[in-house]
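Labels run A, B, C, D and E following the written order; every chain starts at residue 1.
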Amino acid sequence: MTLREGSFSSVIGSSGCGKSTLLKIMAGLVPPSAGSVMLEGRPVTGPREDIGMMFQQATLFPWRTVIENIVLPIEIRDGKKAAAAAHDKARALLDMAGLKGFESVYPNELSGGMAQRAAICRMLVSEPSVLLLDEPFSALDELTRDFMNMELQRICMERNATAFLVTHSIPEAVILSDVVYCMSPRPGRIAEIVEIDLPRPRTLDMITTPKFGALVDRIRKQLDEGAFL
Amino acid sequence: MTLREGSFSSVIGSSGCGKSTLLKIMAGLVPPSAGSVMLEGRPVTGPREDIGMMFQQATLFPWRTVIENIVLPIEIRDGKKAAAAAHDKARALLDMAGLKGFESVYPNELSGGMAQRAAICRMLVSEPSVLLLDEPFSALDELTRDFMNMELQRICMERNATAFLVTHSIPEAVILSDVVYCMSPRPGRIAEIVEIDLPRPRTLDMITTPKFGALVDRIRKQLDEGAFL
Amino acid sequence: MATIFIVFVGIWYATHISGLVSPIILPSPMDTAEEILFVGNNLLTGGYMLGPLWMTLKEVFYAFILATALGFSLGVLVGETTFGERAVMPYLVAIDTMPKVAFAPLFIAWLGFGIESKVALATFIATFPIIVGTAAGLHAADENARMLFKTMGATRWQTLVKMKLPTGMPHFFTGLKIGSVGVMAGAITGEFLGGGKGFGELIRVASTNLDTARVFALIIYLSLIGLAIFMTVVWAQRRFVFWQKSSVMGDH
Amino acid sequence: MATIFIVFVGIWYATHISGLVSPIILPSPMDTAEEILFVGNNLLTGGYMLGPLWMTLKEVFYAFILATALGFSLGVLVGETTFGERAVMPYLVAIDTMPKVAFAPLFIAWLGFGIESKVALATFIATFPIIVGTAAGLHAADENARMLFKTMGATRWQTLVKMKLPTGMPHFFTGLKIGSVGVMAGAITGEFLGGGKGFGELIRVASTNLDTARVFALIIYLSLIGLAIFMTVVWAQRRFVFWQKSSVMGDH
Amino acid sequence: QEMTRVTYVSPSPSAINSFPIFVGIGEGYFAEEGIEVDPQAVNGSSAILQALASGQAQIGRPGPAPVIQANARGVAVKFLYNSLPRSSFGILVPEAAEFDSPDDLKGTSIGVGTADGAEVGFARAILNSFGMSEPADYEFIPVGDGGTATAGFIREEISAYVGSLADKAILTYRGWPMRDITPEEFQTLFGNGYAATAEYIEANPEIIEGFGRAMVRATLFTRDPANRERVLDHLAAGNPQEGEDREFANALLEAVLEKGVPHDMSKGWGYQDPEHWQAWHDNMVASGELEAPLPDLSVVYTNEFVEKWNTLP
């Protein structure tokens, strides 16, 4: 499995097949039991700081306000001063994520979806060159989700960032990705690799095109084959 | 807002509009700031035990194996003995949720979706007459999700249980519900009540019927109107 | 609280008038109350007890600061490093098990009869709970938070300061609460063992003179101070660990 | 660990030969080692020290059991009820601040010279950390878990037993660790203060006779026992709180 | 024969300081009187009096000052047997120090132990008689036991140490030779002795009789140099650790025996001189330890058993 720089890949597969684990291996958080991960020609042995990762849980820190949580990666990389300077940027990200006005709120006052959005903002704030996303939009309503998807595409294209997304939504995978990896159920293997050759930038109205429908169907069929019951 | 006994209602609305809070108020966990909740003619002042609730987080207890987590409601209601007797039932539920073989595993070895499924099993095991579900299927792949939806319908119809579901998937809301409540964004109000008059039992192939499509469109339009941007 | 107090004094009074216990072991509540007034009066009018009180307060204050600093540092060493956990902790436990009394001569030999040796002993007693609390706190962070910090490329130091320590605050405060109480006991023990012109000495003198009511009165004043220190810690916890429900109230 | 030991003994030896500290205060490492052998030999050959050792072990054992039971019960009272938190806790803090030494005569008056009075004192000293730890643990459960138990119609008792207590286990063990060390110190203090034919008395005799090397040797044996108790608690924690990372290892 | 159990409390675990008890047990003198002694140790005289008052112990060995103090507080405890007629305390200075008399100590700090409040009164009485008063002329520093006292000497924080005869013997034996500069006339400030509550004495005169007789016999036995080995054996049985180093134990015993010789042999062992009691009492009043003089000092001690004790079978 090779991710080209600037490419957008998705992984789709049944629950428990090892997608989160795969992501953790790619981030260098968990040692792989076999095989190796290479990033920009060098093997990944430990975590690297140009990776932005979002876990399935939001993992916000309760003692920091939302905006402080968001600038945390900056604070870690460049110190307090840089973090203070990044407040504007963080506020812009919050606006984008529909969290305007929640800057100084503590995370325990956020709803599930809001926490997830805040976690996305935190990942984006440091402009990482590789994004690893574990079901970032699962707790969002469709509308917000579509909007966030388009934002994500814009951000990745702007920065030529490499993204790797775990999702359960086939349309989401198709609209965002260059390649979709379908995983078979436990033990998870990559069952099929589907190249998505829709033109970039993608727009939401592509969803209604027949080509899009065909791709979705193809992936769904693939997943049905390995169905768990 | 009135829930008929044995009816299935869904709430749909943008993230952060107060759906989880609504559920908590209905369960009697949080006092409402205005209005009151009546259940079977009596006002709900505190939590009641014939309510089965699932939160947005799985909230499994790390010191209990999966099956012990599942029989917990029985243990609480009827004691240890009844809980031991309910192991078979719990195992059947686990099979249904595709968690066969994970009975004696501790929750920290489950994936996100598996934990969610275990939480659903826990809710179902005590056969509550009212089900309050907060995005129970958000971390599941489409296939598992469809399957779980059908199971949920079957269980509710079998027991004539009243169910109230928070979801972000419009098709999910439509296929399961008798009534769909659309909430407007913050501050959350019920913007529209859509009655779903599809015949019961619903099947997955209804999704492709024009009537289904029309309902989905209607709800989507309603939500678009109150869009958050 | 008042009820408990009344019941308590009631039992005390009953024990007293039953004549089962000699007044040199358990004085009557009235005698004790009288002595409390006497001591209070002495303190308020700037009598001879004010100096000792001030001395003990100073000891407690310095020892608490020192114990917090020391306990925190050692707790981080023990909780954060394998070296600390494996190599240092057994020594700390072993040292803490030792009767502190045995160290009094060493402290006096090195630090003299002044306030220093008492501060050292009180610090010694109060440090261990803070070490254990801090170390336990460092283990409290969950897997996801750890991984998140790794992906952010946080240094070990940053992970410690920005994640593990805040997460461990409730544990740290548990240790601090226990230590805050120990520091008072430690100062008095120190004064008992040698030198020191603090409240401990007043208690000693009263005790040798079999003036048990006075002993009780002095001890009650100490308790109030101890309570104040403890409450300060509780207040600090409410203030700094605001995200955790730290009270029973509003719970049911 | 061995390195620390060597460095430690090295400094000790250097202090000794510098002649700065009289051997009455700090014996030489060699003398101490000799005494350690002597005491070990005495114990192994069933000499007169075996009885006292056994006595002290019994005291520690009973006191630990009692302190755990008492500390746990009071901790639940304090952590679970408003009454406990508001009305009982201040008294517990106040009592714990008091110099325990002042209570020794009372314990002897009521419980006699036997093992009971020492057990009482040791229990007294070790209980407070366990109370604080248990109470803190009861506040550790998160909102979701509480709500879940409410919807399940759990009684207060069930919520306590099946959720709050397991959740609070790490805090409880923090208290237990501190208490396990306190119980040893308490037993020895009790023996110092009155009666009891335990190890504390051996230390006291050696100390009055200014046989400091012997004092050190005896204390080292006590420390080893204290360490063993502590390690038992650590082991129990690993065993019972298996879901929490309780060690630094495997962490980085 | 029915044995009566008597719990005896001493202010320290030392068997040598309570030698009549352990020798009496060892030679079976108590058993002959139908008494089974259960020796216990607490920390200091106050704890002894508290143990007596609570009924946990029947006979103890407190200092005279705490006994006066207890009576002043309404606890009727009677001194029965004066075992250290010559002061058990001394103002000790290092052998090499240039102090020879208490008034040389003007302007210095003096360490006092913690075992007994009595030594403070003792030292204060002596220094008062030299016209010195605290804090103008000297300062007391409570230093605890001998170990901390040596620390005080090393740090030059104290110039003298008011300690017991045992302290002197121990310090000397451990390489810190000490000199006693207490003037001879203060030898009347006697040391610890055997006491019981008035109530107990009244209810059990025959036990007091038997107990004292056994002690006198034990004292005589101990004082016979021919018995020294057996005496040391008995003492080692009472406190094995103290008896481990026989030379040391012997030195300590010698010191105790030296201070135990009555001022007037004709009155018998255990006799208490009313004048000496008065001296103690007056000292305590003068120093303020005792708030008011006792109306009748004779309730504090009794010599009524002395004759019977000294009439040996």
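Brief remarks follow.
Heads up, the rule we're going with is that a contact is a pair of C-beta atoms (placed from the backbone, for glycine too) under 8 Å apart; a residue touches a chain by one contact, two chains touch by 3 or more.
Computed from a prediction, not measured in an experiment: that's the story for all the values here.
Counting steps between touching chains, the shortest path from subunit B to subunit C takes 2. With contact taken as defined at the outset, there is no chain that touches subunit A as well as subunit C. Counting the residue numbers used at the interface between subunit C and subunit D, over half appear in both copies, so the two copies meet with largely the same residues. Chain centres here are means of the Cα atoms, and by that rule the chain farthest away from subunit B is E.
Counted by C-beta pairs in contact, the busier of B-D and D-E is D-E. Subunit A and subunit E have Cα centroids lying 85 Å from one another.
Put simply, the C-alpha centre of subunit A and that of subunit D have 50 angstrom between them.
The distance from the centre of subunit D to the centre of subunit E, each centre being the mean of the chain's C-alpha atoms, comes to 36 Å.
Multi-chain contact residues of subunit E (touching two or more other chains) are listed as 46, 50, 53-54, 147, 151, 154.
With touch defined as above, residues shared between interfaces to two or more other chains in subunit D number as follows: 21-22, 25, 105, 109, 143, 192, 207, 212, 244. Counting partner chains per residue, subunit A shows two or more touched chains at residues 57, 108. By the definition of touch given earlier, these chain pairs are in contact: A-B, A-C, B-D, C-D, C-E, D-E.
Residues 1, 3-4, 8, 21-22, 25-26, 79-82, 84-88, 90-91, 93-102, 105-106, 109-110, 128-129, 132-133, 136, 139-140, 143, 146, 156, 170-171, 173-175, 177-178, 181, 184-185, 188-189, 192, 200, 203, 207, 215, 219-220, 222-227, 230, 244-249, 251-252 of subunit C are the ones that touch subunit D when the two sit in their complex. Residues 144-145, 147-154, 158, 162-163, 166-167, 169, 241-244 of subunit D touch subunit B in their complex. On subunit B, the positions that touch subunit D within their shared complex are 24, 27-29, 46-49, 51-53, 55, 57, 59, 61-63, 72-73, 75-77, 106, 108, 126, 132.
Of all residues in subunit C, only 21-25, 104-105, 108-109, 112-113, 192-196, 201, 204-205, 207-211 touch subunit E in the complex they form.
Of all residues in subunit E, only 44-46, 49-50, 53-54, 66, 69-70, 73-75, 114, 116-117, 141-144, 147-148, 151-152, 154-155, 157, 289 touch subunit C in the complex they form.
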